[in-house]
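One structure coming up, written as structure tokens, with questions to follow.
Chain IDs A, B, C and D follow the sequence of writing; residue 1 opens each chain.
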């Protein structure tokens, strides 16, 4: 088993840092370049949500990523201690967003690009997204079934 | 100010992960590609030391990196809770190594490639290497003066 | 991430390159909207040939401009997306709203 | 990181590529030492043209082979180092011990 934890300021410029770091860690498994691109999108969405929604773009908070490689599986947890989600089922609906300039597709992309996906959120306490992907596994259907 | 913390298992395959992650974080400053290559060498040496010397290659321990960007400075702390260094002055001598297959140049490279460098170690408790580099600063002399 | 915005015919050509994520979308959105006003054009062509990464924040800028221009009778075209970018364009449904071409030249040839 | 080891004339050609750090040096050292015995050669040429990164762990493998072969009257040659690799070779002092050439062909032409 191989573990890594990343914690970083909730600044938009760290979204790219998180993507690159996760891809570098993930590349210890037998992922294709196309797999790594998909994992980067999922990470980008989850980390952006923590910064934008969880912390309302305030830069002095910390976003935490916990990465685990076990056998052929990469597990990624994205954790914030921000405002949390009142209605998780509603938040998971494709095209639902509380921000008019956003697509409401972040959670859909995470579900499309990862094999397993779960959200655990408590209003006022924060949000934890847990996703995992098997190296070499076929991509799931393009339309998320949540 | 921008902060990031990385913690990962003391496994040799994570040295590359640490290099890539630090370079991705550092690239927010105005470093040249050649600067980033030098920073990667310094990180590689410090993290390798933590794994090889600090933890005696046992994979179940954690290496910690603390990264800070403040104005034009990148600061990197590499921390292990391993066996520590009995005689730091001796360890810093170029070509001194306690391992016959190694060069004894790790600390020299860190000093050559970074602007500031310090080691803080307690036998039995661990080692902390603190180094920083200014973006755009000229490289120091090739021969370390420690 | 870099971008250039220029006018060709009645089209604003927005050429993006690098990684399009939340760190650039605010300034991109503002600059495109300001250029639409300044140049008084009715269409936008997003040239994506230099884009290495795009997530839903980038798609949001494109969709936002599309909604705005359609309300005024204009249109948004996409060109040059690499496979990884095409994947998120498809998955998002944007390709059901907008036409996507292999190169920016194809679009300008068609609407020019 | 990948490497290939083959014999050309009285020289073991070790072609390295990618990133040479502590994650590969143990197996590299063992494979080179085994090949020295199996092929019965007296010299090594490290072809570094494919190396993108090398730290002191990689340099240690080169220096270790140099010490071993010099004791037996053999030699170690280096070829094709990129600027970032050349920098650590220089700084380490290895270039004061060993000859470095632009390409592997230059070395084989000279000693072959």
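Just so we're on the same page, a contact is a pair of C-beta atoms (placed from the backbone, for glycine too) under 8 Å apart; a residue touches a chain by one contact, two chains touch by 3 or more.
In this text, all values refer to a predicted model and were calculated from it rather than measured experimentally.
Note on connectivity: the fewest steps through touching chains from chain B to chain C is 2. If each chain is reduced to the centroid of its CA atoms, chain C and chain D end up 50 Å from each other.
Between chain A and chain D, the centres computed from C-alpha atoms are 43 Å apart. For the pair chain A and chain C, the distance between mean C-alpha positions equals 25 Å.
One finds 29 Å separating the Cα centroids of chain A and chain B. Multi-chain contact residues, meaning those touching two or more other chains, occur in chain B at positions 13, 16. Counting partner chains per residue, chain C has no residue touching two or more of them. By the definition of touch given earlier, these chain pairs are in contact: A-B, A-C, B-D.
Put simply, chain B touches chain A in their complex at residues 1-9, 11, 13-14, 16-17, 20-21, 24-25, 28, 62.
Listed in rising order, the residues of chain B touching chain D in the complex are 12-13, 15-16, 19, 34, 37-38, 40-41, 44-45, 48, 51-52, 101-103, 105-106, 108-109, 112, 142. The part of chain D that touches chain B in the complex is made up of residues 19, 21-23, 29, 53, 55-57, 59-61, 63-64, 83-84, 87-88, 90-92.
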